[in-house]
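Next, two complexes with chain A in common: one pairs it with chain B, the other with chain C.
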Partner chain A sequence: MPKVLLVDDADFMRMRSAKLLTENGYEVAEAENGQVAVSKYEALKPDIVLMDITMPVMDGIAAVKEIRQRDPGAKIVMCSALGQQTMVLEALKAGAKDFIVKPFQPDKILATVKKFAG
Partner chain B sequence: MTANLEITPEDLKVFLEEAEEQLQLLEGDVVKLEKAGEDAELLQEIFRAAHTLKGSSATLGHQPMARLTHSMENVLDKVRKKKLSPSTDVVNLLLECLDVLRGMKDDIADGRETKVDLEPLLARLMTDAGPATGPTAPAPTGAEAGGQGAVDVAREFVTQLSDEERARLAAGMAEGAQGAICRVTFDPECLMTSVRAYQVLLALGEAGQVLNSVPSSEDIEAEKVGHELTAYLLTMEDRAQLETTVKGIGDVTRVEVSVAQAAQGGPRTAEGRVGGAQAGGTAPQGEAREGAQTKKSATTVRVDVNLLDNLMNLVGELVIDRTHLAQILNRADQAQGTSEVTDDLGRTSAHIGRVTTQLQEEIMKARMLPIENLFKKFPRMIRDLALKAGKEIDFVVEGQETELDRSVIEEIGDPIMHLLRNSVDHGIESTADRKAGGKPKIGTIRLKAEHSESHIIITVSDDGKGIDVEKVKASAVRKGFLTEAQARRLSDKQAMDLIFLSGLSTAQTVTEVSGRGVGMDVVRKNIERLNGSIELHTVPGHGTETRIKLPLTLAIVRALLVSLDQSVFAIPLTSVSETLRLTPQMVKTIKRKEAIIVRDSVLPLVRLARVFGMPETGNETVGYVVVVNSNAQRLGLVVDGLVGEQEVVIKSLGGFIGNIQGLSGATILGEGDVALIIDVGSLVKPDANLGRMGLVS
Partner chain C sequence: MSNMEYANPFVLDLAKKGTGRMRVEFINPFVKAAYDVLLAEVKSEIKKGELSIQSSAFTAEEVTVMIGVVGQVQGVVLYGMSERTAKNIVSAMTGQTVPIFDRIVESAIAELGNVITGRASVELEKAGFSCRVTPPMVIVGRGAIISTVSIQRLVIPVEVSSGAIEINVALRESS
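This part shows the complex of A and B:
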C-alpha cells in the first residue's frame, strides 16, 4: 500500500485529504508543520509527500530542502494556494516534483498521488 | 475512486473550531497591527491565519467565506508590501470583515444559510484599500515565435537564439545531440500557468539543455506567461521521449516537438564560450517568508471537554474511595490487630492514595487553559469602545499565560468584560478632561492575571477619574436603598459596597455601553457563584482598581467540615475567615436579632440548625461560631462542632431536589456519607429568609 505523508498546519485540510486518500487505499501519515514532516519522512519513508507551503515553525519550502538533502529521490508535491506562484517556483527549484492548487480538489489530488506513488 | 466526500458533522466541528481559532487570532493581531504598524512578523502571522481560513472555507465549499478571506488577503498583501498603511480605516474594515466571517461561521454552526450580501464589503475592500491586485491574471506576452507548424526549425533557431546560445547549440550538435523546439499549450483553466511553464522548463532541462524559451525563464518567474510556451533545447532524447516527458506535467493540453537535423544545425557558429548558466539559476527571493522559528511544536490531541469533565468526575469518585479504603484499614487494624494482610493492604492503600492524588493533579492540569484564550478578545472590544467614546486608551494586558480551569474561564468572561466597559465608559475621562487634570492624554486600562497560592487574581485597573463616594451615597439615598442618616454613618468602604447593589448607577448619562444600573451586582453574583470574591479600590482623580480572586477550579474546593446534630456540612474555606468557641457572654441581642461582637465589630449570628429546620441542641450558648465573609459582609454561623478541613469534590444537588436556599451542592465524604455544601453568599443576602440583616445592619 503506497504511503502518503500529508503536511499541512490546518487540521481540517489534513483531515479531508487523509480521508480521501485512505478511502482510496493509501496509507496516510500526517504532519502539522515542516519540522514534523522532516522527522516523519525519515521515520516512515513515504512514497509521496503532499506539502503545504505556509506553515508555522518550518514552512514547506524549507521542509522540501531538508527532505531532499536527506533523500534526493524524495517525491514531494506542493499544495499551494493561488497567488503563491513564486513560492511554488522556489519549491520546484528546491526539488519538489509537482504542485496542486488548493482549494482541495479530490480528483486532482488522487491523480497526482497516483502519478507519483502508483 | 471516490472523489466526492461527504462532510460529516465531525468534519464540520473541526472546521468550526479551527475557524474560531483563526478568527480570534486574526482579531487580536489586526488590533495590534493598528499600533504596531508594519511589523513583518505580525503581518506574517495575520497572513497565515487568513490564508488557513481561506483554504479551509474553500475546501468546505463555502464560497462567500473564501471570497471574503481572499479579498482580505489582497488588502493584507498590500500592507505587507508597504503599499498601504494599516490606518484606523483599514483596521476597521478588516475587523468588519472578521465580524462578517464570524457571522458566517455561526451560520454554518447553526445550519443556517448565510444571507449576508458581501458585495458592498468586497467593493470596499477593493476601493478603501485601493484596487485589488489579484494574484492571478498574468500578463501574457505576445511574442509568439513563428506560426504553428513552422517547420523551418533551423531558421527559427537562428532568429530565437543569441550568438552565445547558437554557439552552445553548435557545440552540442557536434557531440551528437540535436536541437529541438518544443511547443507546449496549457489548459486555459490552469490556475498557475507560470509554475506549469516552469515545470516544463525543468523537465526539459533534465532531458537536455534548454537554450532559450519564449517566454523566457525570467518572464516566467515574473509570471508573464500566456497559455503557450516554446522552448529551444539541445537534447539526446528523441521526439517521442520529449513529448512523453512534457505530457506528464499537469495542465499541459498539447505538445509539439520539432527536431532540427544535425546537418542543418548551428548555421553560423559565432565565437563564444560554451556552457553558462542553465535556464533558471537562482531566482530572487520573492515574498518574505518567515524564518524557520525555533519554537518547538508540542504533540497535542484534541479532546472533547465532556470527556475531561467525566474524567474529573471519576477521579472525584476515586478520591472518595481512597479515603474510604484508609478507614476500612483502620477498622481492620482495630478489630484484628496488625497482620500481614493489613500490612499489605496498608501499603497498597497508600500507593493508591498517591496515584490518585497524582491522577487528580494531572487531570486538573489537563483542564487548565491559559487565560489568554479569554483575554485576547478584549483588545478589540476596548479599541472599538474607545473609538466610539472618542477617548484615547492604551490597553495593557499582563499575565496572559496564567492557567486556570476552563470552566472558570468560561464563567469569568462576562464579569471582566463588564469591568472593562465600566473603565472605558466611566473611568477614563475625555481627552480634554484629562488634559485639564494634568494627566497624560492617553488613558491606560490594565488587565492582569496572576497566580497566588491556589487562587488566581484578576485585576482590572484604570487611571481614570475614580469613583466619587459621595455620589454613590447620594444615588443610593435617592433610589431609596437607605436613608440619609444611614448614609452618613457609612464608612467609605461600606459606601463603595453600595455599588454592588442592584439598580444603582452613578453614571450621569446612560450610554450604550454601561450605566443602566445592572451590572456590578451581577458581576459580584457571578464571581461569588465561582467561590470567588471581588474587591474595589478607588482613588478619586487617580483611578479605580478591581480585584477578582478566584479558585483555580470549580470542581474541587477546600472546605471546613462542621457538624450540626448528626449531620456534617461543608463550608468553602474561601469564605471562612475564623472560627470561635461560642460562650454565653458573647451573644448580644441587637434589634431583636442575635449578634456577637468580634474585635469591636458587630456580626449578625445565624443559627444554621434553624435555617435548615433541624433540631437544636437546646443549649443555645454552646458550640462554635464560624465567621464567614461574603458580599463584603461578615456573619457568624453557629454550628455544633468543627470536624476538620478537607478537599471536597463538589457535586450538584440534582434537579429533583432543586435550588435550596443556603446550599450550593453536596459532596461525598470518605465514609460514604453525604455532606451538604453551604452557600454562604445566599445566607447573607438581604432577602434571604433570615430577615433583612443585609447591608447596613
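This part shows the complex of A and C:
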C-alpha cells in the first residue's frame, strides 16, 4: 500500500485529504509543520509528500530543501493556495515535483498521488 | 445570480462613493477569488450585495477570520460570519452535518479565508502587485473592535446557501 505524508498546519485540510486518500487505498501519515514533516519523512520513508507552504515553525519550501538534502529522490508535491508564479518557481527550484493550487480538488489530488506513488 | 459581476459594477460603485484612495485593482481579485472558491467548496448560488466603504473600526462578528497581506500591497482582509453560517459552510464542504462549532470548523473556516486570500494574491501579482499572505487568525465571539487604522475598508457582502459572509478588504499600496 503506497504511503503518503500529508503536511499542512490546518487540521481540517489534513483530515479531509487523509479521508480521501485512505478511502482510495493509501496509507496516510500527517505532519502539522515542516519540521515534523522532516522527522516523519526520515522515520516513515513515504512514497510521496503533499506539502503546504505557509506553516509555522518551518515552512513548506524549507522543508522541501531539508528532505531533498537527506533524500534527493524524494517525491514532494506542493499543495497551496499561494499559486503565484514566483512561489511555484521557488518550490520547483527547491526540488518539488509538482504544484497543486487549492481549493481542495479531490480528482487532482488522486491523479497526482497516483502519478508519483502508483 | 448565476454569475458574479465583479469588474465594471465595482468601478462604478467606487466612483459613486467618491473615493480616490481605494484602488479597484486591489478589490476585484478578492471578488473573483471569493466567487471561484465558494463555488468550488460550497457549490451554491452566490449573491453579492451592495458594496460600501468604511473608515471606522471593524466590529467582529461571531466568527471572524483575519489574514494579513504584505508586500507591494499591504493591509488586512477580514471574513465575518455567524457560527451557524460557519457550521453550514463546513457541512457543505464535507457533505456531513456539522452540529457544533469546534476546532475542525475553526480550521476549515480559517482555511477557506486563506484560500480566497491566496487566490486573490495570485491575481494581485498578475496585476503587478507582488504580495504574500500571513497565516489566518480566527476570532470567535462578537464585538471585538479591530481597527485597520488609516486604511479604509471595502465591505463586500456575499450570500451563499449556507448563510451570509461579509468580506472586508483593507489594503493599500506600499510606500
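Just so we're on the same page, the second predicted complex is superposed on the first by the 115 of 118 C-alpha atoms of A that agree within 3 Å, B and C clash if a C-alpha of one lies under 4 Å from a C-alpha of the other, contacts with A are read in each partner's own complex, and residues count from 1 in each chain.
The rule we apply is simple: a residue touches a chain if its C-beta (ideal position, glycine included) is under 8 Å from a C-beta of that chain, and two chains touch if they have at least 3 such contacts.
A quick note: this is a predicted structure, and the numbers were derived from the prediction, not measured.
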Discussion item. Following the superposition defined at the top, how do chain B and chain C come out on chain A, clash or fit?
Written reply: clash
Item to complete: Pick one for A:E90: touches chain B only (first), chain C only (second), both, or neither.
Response: first
Worksheet item: Regarding the shared-chain residue A:V57, is it in contact with chain B (first), chain C (second), both, or neither?
Response: first
Worksheet entry | Which superposed partner A:N33 touches (first chain B, second chain C, both, neither) | first
Worksheet entry | Residue contacts with chain A in the superposition, chain B compared against chain C | B
Discussion item. With both complexes superposed on chain A, which partner does A:E23 reach: first (chain B), second (chain C), both or neither?
Written reply: first
Discussion item. Give me the intersection of chain A's contacts with chain B and its contacts with chain C, in residue numbers.
Written reply: 9-13, 15-16, 54-56, 80-86, 101-104
Worksheet item: Within the complex, which stretch of chain A touches chain C?
Response: 9-13, 15-16, 54-56, 80-86, 101-105
Fill in: Footprint of chain B on chain A - complex, ascending
9-13, 15-16, 19-20, 23-24, 32-36, 54-59, 61-62, 80-90, 92-93, 98-99, 101-104, 106-108, 110, 112, 115
Item to complete: Under the touch definition given earlier, write down the residues of chain C that touch chain A in their complex.
Response: 36-37, 40-41, 90, 93-94, 103-105, 107-108, 110-111, 114-115, 117-119, 121-122, 125, 130, 132-135
Response to the item:
The residues of chain B that touch chain A in their complex are 1-5, 11, 14-15, 18, 47-48, 51-52, 54-56, 58-60, 66, 70, 73, 77, 134-136, 191-192, 194-195, 198-199, 202, 221, 223, 248-250, 280, 282-283, 286-287, 289-290, 292-293, 295, 297, 302
